[in-house]
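Pasting a structure below so you can have a look.
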Amino acid sequence: MPDQSKTFFRSVGRATDALRPVRLTPHYVAAAEGSVLIEIGNTRVLCNATVEQGVPTWLRNSGRGWVTAEYGMLPRATLTRSPREAERGKVGGRTHEIQRLIGRSLRAVVDMKALGERMVILDCDVLQADGGTRTAAITGACAALGIALNRMVKTGALSKSPLTQFVAATSVGVVEDTVLLDLAYEEDSQAEVDMNVVMTEDGGLVEVQATAERTPFARSRMLEMMDQAARGIEQLLEAQRAVLKEAV
Amino acid sequence: MPDQSKTFFRSVGRATDALRPVRLTPHYVAAAEGSVLIEIGNTRVLCNATVEQGVPTWLRNSGRGWVTAEYGMLPRATLTRSPREAERGKVGGRTHEIQRLIGRSLRAVVDMKALGERMVILDCDVLQADGGTRTAAITGACAALGIALNRMVKTGALSKSPLTQFVAATSVGVVEDTVLLDLAYEEDSQAEVDMNVVMTEDGGLVEVQATAERTPFARSRMLEMMDQAARGIEQLLEAQRAVLKEAV
Amino acid sequence: MPDQSKTFFRSVGRATDALRPVRLTPHYVAAAEGSVLIEIGNTRVLCNATVEQGVPTWLRNSGRGWVTAEYGMLPRATLTRSPREAERGKVGGRTHEIQRLIGRSLRAVVDMKALGERMVILDCDVLQADGGTRTAAITGACAALGIALNRMVKTGALSKSPLTQFVAATSVGVVEDTVLLDLAYEEDSQAEVDMNVVMTEDGGLVEVQATAERTPFARSRMLEMMDQAARGIEQLLEAQRAVLKEAV
Amino acid sequence: MPDQSKTFFRSVGRATDALRPVRLTPHYVAAAEGSVLIEIGNTRVLCNATVEQGVPTWLRNSGRGWVTAEYGMLPRATLTRSPREAERGKVGGRTHEIQRLIGRSLRAVVDMKALGERMVILDCDVLQADGGTRTAAITGACAALGIALNRMVKTGALSKSPLTQFVAATSVGVVEDTVLLDLAYEEDSQAEVDMNVVMTEDGGLVEVQATAERTPFARSRMLEMMDQAARGIEQLLEAQRAVLKEAV
Amino acid sequence: MPDQSKTFFRSVGRATDALRPVRLTPHYVAAAEGSVLIEIGNTRVLCNATVEQGVPTWLRNSGRGWVTAEYGMLPRATLTRSPREAERGKVGGRTHEIQRLIGRSLRAVVDMKALGERMVILDCDVLQADGGTRTAAITGACAALGIALNRMVKTGALSKSPLTQFVAATSVGVVEDTVLLDLAYEEDSQAEVDMNVVMTEDGGLVEVQATAERTPFARSRMLEMMDQAARGIEQLLEAQRAVLKEAV
Amino acid sequence: MPDQSKTFFRSVGRATDALRPVRLTPHYVAAAEGSVLIEIGNTRVLCNATVEQGVPTWLRNSGRGWVTAEYGMLPRATLTRSPREAERGKVGGRTHEIQRLIGRSLRAVVDMKALGERMVILDCDVLQADGGTRTAAITGACAALGIALNRMVKTGALSKSPLTQFVAATSVGVVEDTVLLDLAYEEDSQAEVDMNVVMTEDGGLVEVQATAERTPFARSRMLEMMDQAARGIEQLLEAQRAVLKEAV
């Protein structure tokens, strides 16, 4: 039971174990093979899937495909403007870390043999950032990937979708000793512990990343956080299923 | 009078001298001082204005402000995916050319003395590209700039807006010997001559750039194109005035 | 009629509609297929043409050639030293803008079918800069290109030169409400409007770029500037014809 | 109980829950404020601590210090040579991810107020890589940091060491359905699940990162892995305590 | 005595111990504090000296000045075109090696105390390359430096020139067992040993760099080469003295 | 005869013509084809040889091999920390100069025909720097190269080693008018002249680089330095022969 006495820093009426409002808009960009604009509260990420023939060198003639992701943030997605990575001439460490996480998460639910020697690139671009952009990107990118693969089934390029199940992600944190689901930016900046969980429809874990921002955390606290994350992810998986149906 | 026998390559029902549908959505991003999503047909550019204290070194202690712009395109804004400039580690020539054009266009309508030692950065990011992204960026950025400056008047940071008048831009081209206003991507790729015009409310020209894609063009043809551009820009200026009123 | 009362800021005895002294020296560099040192007043640009077999990927097997340009400025070409672009690790926006302009201008007068699958690269390096370097580069590069192509005709590599006609360029500006042809650096820095015109022998326009440095300009003013530019370009085209004859 | 029938892929005589031989050599480099060469099996990482006056901009005048890490791998640390990051001109995503992990892990055990406005940089360079380089780097870097801070206590720069407790890390994985502690390279490349655990002396968790390489894993499996990691980390913490005593 | 039977690979009539024709043109660029175009045979290097107030950080408040050099080669200075370093985004190893050599050579003949906290940058840009560009750059840069410093004496910025004496450089090589002075490109490419000597007016050595291109060389051969270099450098020093007088 | 009255700045008991203690440890890294850790006093350089099939483009189908080197320095190899070149995004001039020197030195003792179309890359990474890192790198790299080539003879990939003889290098300098062999860092920073000599077993010179740090040096002084270097190199060649025997 969330401790209501402490939730004053959440937006009004939001329980400690409640996700922010979730909205997935399919086909936001017309040209992409799969396109989903995901909004979770004020966080807004545009996820576009591009399917290309061929695979990276190390997979050639393996009969297997590849799924990768790139992540970017518009300069004014944040409260104060951040310099453009293209202008700085290099991709920052945080960006690298996030795009690797998105790629790994999606590869866990794709049957690479069934995909064949094709590469799917998921571009996740943050239009507005209010916490949880990396988990929103995973959730949105999986939906965009699903749409792209379904379209290939429709055109006959694939006999069935190589997506074995949906995968979605959310964050959980501890603020003033209370476990909070789906941290908004202001909450995240106060969090003592920060955790991202990536989970599939059958309840399997794909990634668990827990970080003590200030003080180490106990194992029991970690389990409590994983439980709350699991309940949030169930709702995100439901939203993915809904948008895929709508997109057909 | 446009020659109707040739307009088969335009989208159905669109006259040679007609703009595509124009929509300006203010406050698309909450955190920016000024934010406008401009849509012209399928071209969609997010324009965000950031106001920062201080100016570049060469203007320090001059009592004058500065306005500059950055332009980017999401990898899947286009029909086929283009590599991310941040990944390539450098900003391309086309990007440079465009962001310089946007900056010059806006500086022509700002009273830098009145702005004082502040810098306004206009980030123009193309979410979807269907021709005319640079002219849409100028038009949208001017609106975002207007909103940001009005807000400063409201908060008392400025006594009146340093924006002397609106500036807007459109493209004109020649396809199969016919002058066409506001080229969509497919039209642009067939054009023999391509022209961008940037004009203010009092009819003054800020930039005129005409380029022969294949064969040189006559002076009379250039005048014809400028006339058509002027009529299109009048409508864009009207849309800017409307969104500024709405945004208050 | 130029208003003589205002020409005090021009070098002594130079009329408002007069070009600075023009000199084209062929074969400045022995190894290049075509080489011209162009001097316009104190502006000095070395233009070298290199002919390479093969074309960029997107033109392979098209039977068509390509012409491109690169532009550079020696660090001490200018009044105060500018950092070397190679040291800064990137080509600046101004450089990009200029080399794209030179390339487009030359491509408008080359018959790419007749050139065949070859690439001509025009390196334009500014040894000394006193205004008008980009237009001098276009004029000099066209002459260097002409020499290179004539040489190929001589050796039998081509049956006739794919250069359909010469193209040359100059700048015009408005200073203290007076239209001035071929701006030197000091004049350029005072100009209210700045215009570059690229024109061919048959009077066709290839590029027109007019920019209001401070206040927007009227359409009538633009036409006046284009007239003056045209008269200057006639003389530059004459100089190109002369150097090509000399170079044989 | 480890299933002995499956341990054929481990080096001879090594139990599933056994660390490889661990050796920490202090003062490997004479000039560094703290220096430890850590060897875990064939993995060899040189960890050097540098103490600098001053902190990054965002901490100035906060009275607080900062701890950060950089990670590198010699080109021939690996089985086949990898190109040098300095030659490629950019730090790769994996490197970024690792050095951020090391930095976060160490910051969790340093009292930044007690450190004062100083920055400690931990350089972790892999001389030979045989799996577990990032966890070895954390363990070695914490010892190097401890030596550097103790030295500052000795010279009177600090009244007591700001290191609140030791932190160490190890990896655990699942290979052929068996949980294995401290994966060597060959084991790691076969692993279905890969987990890194960073833990302090009082049993607090600082980072937990679990990744499904191929198939999602169950929550119970994760708990089993965390238990095994905890037992391994106890031994590493003991080795850290020993080297700190030796180093005095 | 040079063995005449072997000199067939030299340009007609040139003895093994003869320099190519040397020409130094002062004030080639008007804006630079010192400017010399040096031509040695077909090698042509433009050397410009820029004097800036202030010194690099490590010399601040030392009362001492600094002299440094940058070296570049135009893309078509060579027989076949080389890519522009600015486009490749980095300065190559050869360029680095050469500009460090030029800087060291000049610093050996400047009294840094007398120069005071000023920095002189020597830009050496190769317009045409036919062997010996680095030694020509040293010789030309020293003359440009001399002109710049004399000019400062004239304007009263310095009471006497901090240039203690001239320094000049040439190359020597061994081709078909014959020692050749001042190698042209074709000779250089056949050389078994290649040596650069930098020497001052009083006969002091500043740099000696001898390299076996294929087979190691004997000490006696090295001495023979140094003798021949010394005789050539005498003539270059004479040319420097002449151009300095002319430049006043 | 060294002047003993001046050797106070040398480490106790070290004569002016004595090398520091030399130690070569073979097989420091297990995976490399050839690996030697060379220690000369406190200078410690890890030299690893990698043999790759194939050669750079310009040697393809020539039947000849290639030998090249890369050099790096760990950030805390030096007294104060130097920024990592990978982080700065470019290889510095000093690094370029050194790795070119190492490569040239080794190529002089390899029979490229006998090597065949293979490339050997020598990675020389400085773990601790106390002067003479570039000459230690040459000496260590030649030993690592020898081991790698012998191993290829053993496996039958080559019938005999293409290494024609050993090559080694040392530095000599002049401090307070005394010639000193094998300068340590503190000595090097006081040196008036600094010289690196690279010599083969048969006494042939491969590279001689002498630099006046402050005042030009006489030819006689140079000969004196070369003599002392030759005596030091004899001992290094002996150490190379010993480690090659041990390594078999």
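Letters A, B, C, D, E and F mark the chains in the order given here, with residues in each chain numbered from 1 onward.
Note that a contact is a pair of C-beta atoms (placed from the backbone, for glycine too) under 8 Å apart; a residue touches a chain by one contact, two chains touch by 3 or more.
These are the chains along with the protein names UniProt gives them: A, B, C, D, E, F = Ribonuclease PH.
Note that the structure is predicted; figures quoted are calculated from it, not measured.
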item: Co-neighbours of chain D (Ribonuclease PH) and chain B (Ribonuclease PH) - touch as defined; value: A
item: Touch-network distance, chain D (Ribonuclease PH) to chain E (Ribonuclease PH), counted in steps; value: 2
item: Separation of chain B (Ribonuclease PH) from chain F (Ribonuclease PH), taking each centre as the mean of its C-alpha atoms, in whole Å; value: 60
item: Distance from the mean Cα position of chain F (Ribonuclease PH) to that of chain C (Ribonuclease PH), given in whole angstrom; value: 51
item: Residues of chain F (Ribonuclease PH) whose C-beta touches two or more other chains; value: 89-91
item: Arrangement of touching chains [line / ring / star / complete / other]; value: ring
item: Circular arrangement of chains, read from chain D (Ribonuclease PH) onward through chain F (Ribonuclease PH); value: D, F, E, C, B, A
item: Complex interface listing, chain B (Ribonuclease PH) residues touching chain A (Ribonuclease PH); value: 28-32, 35, 42, 46, 48, 50, 52, 70, 72, 74-81, 84-91, 95, 121, 123, 125, 127-128
item: List of chain E (Ribonuclease PH) residues in touch with chain F (Ribonuclease PH) within their complex; value: 90-94, 96-97, 99-100, 104, 108, 199-200, 202-212, 214-219, 222, 226
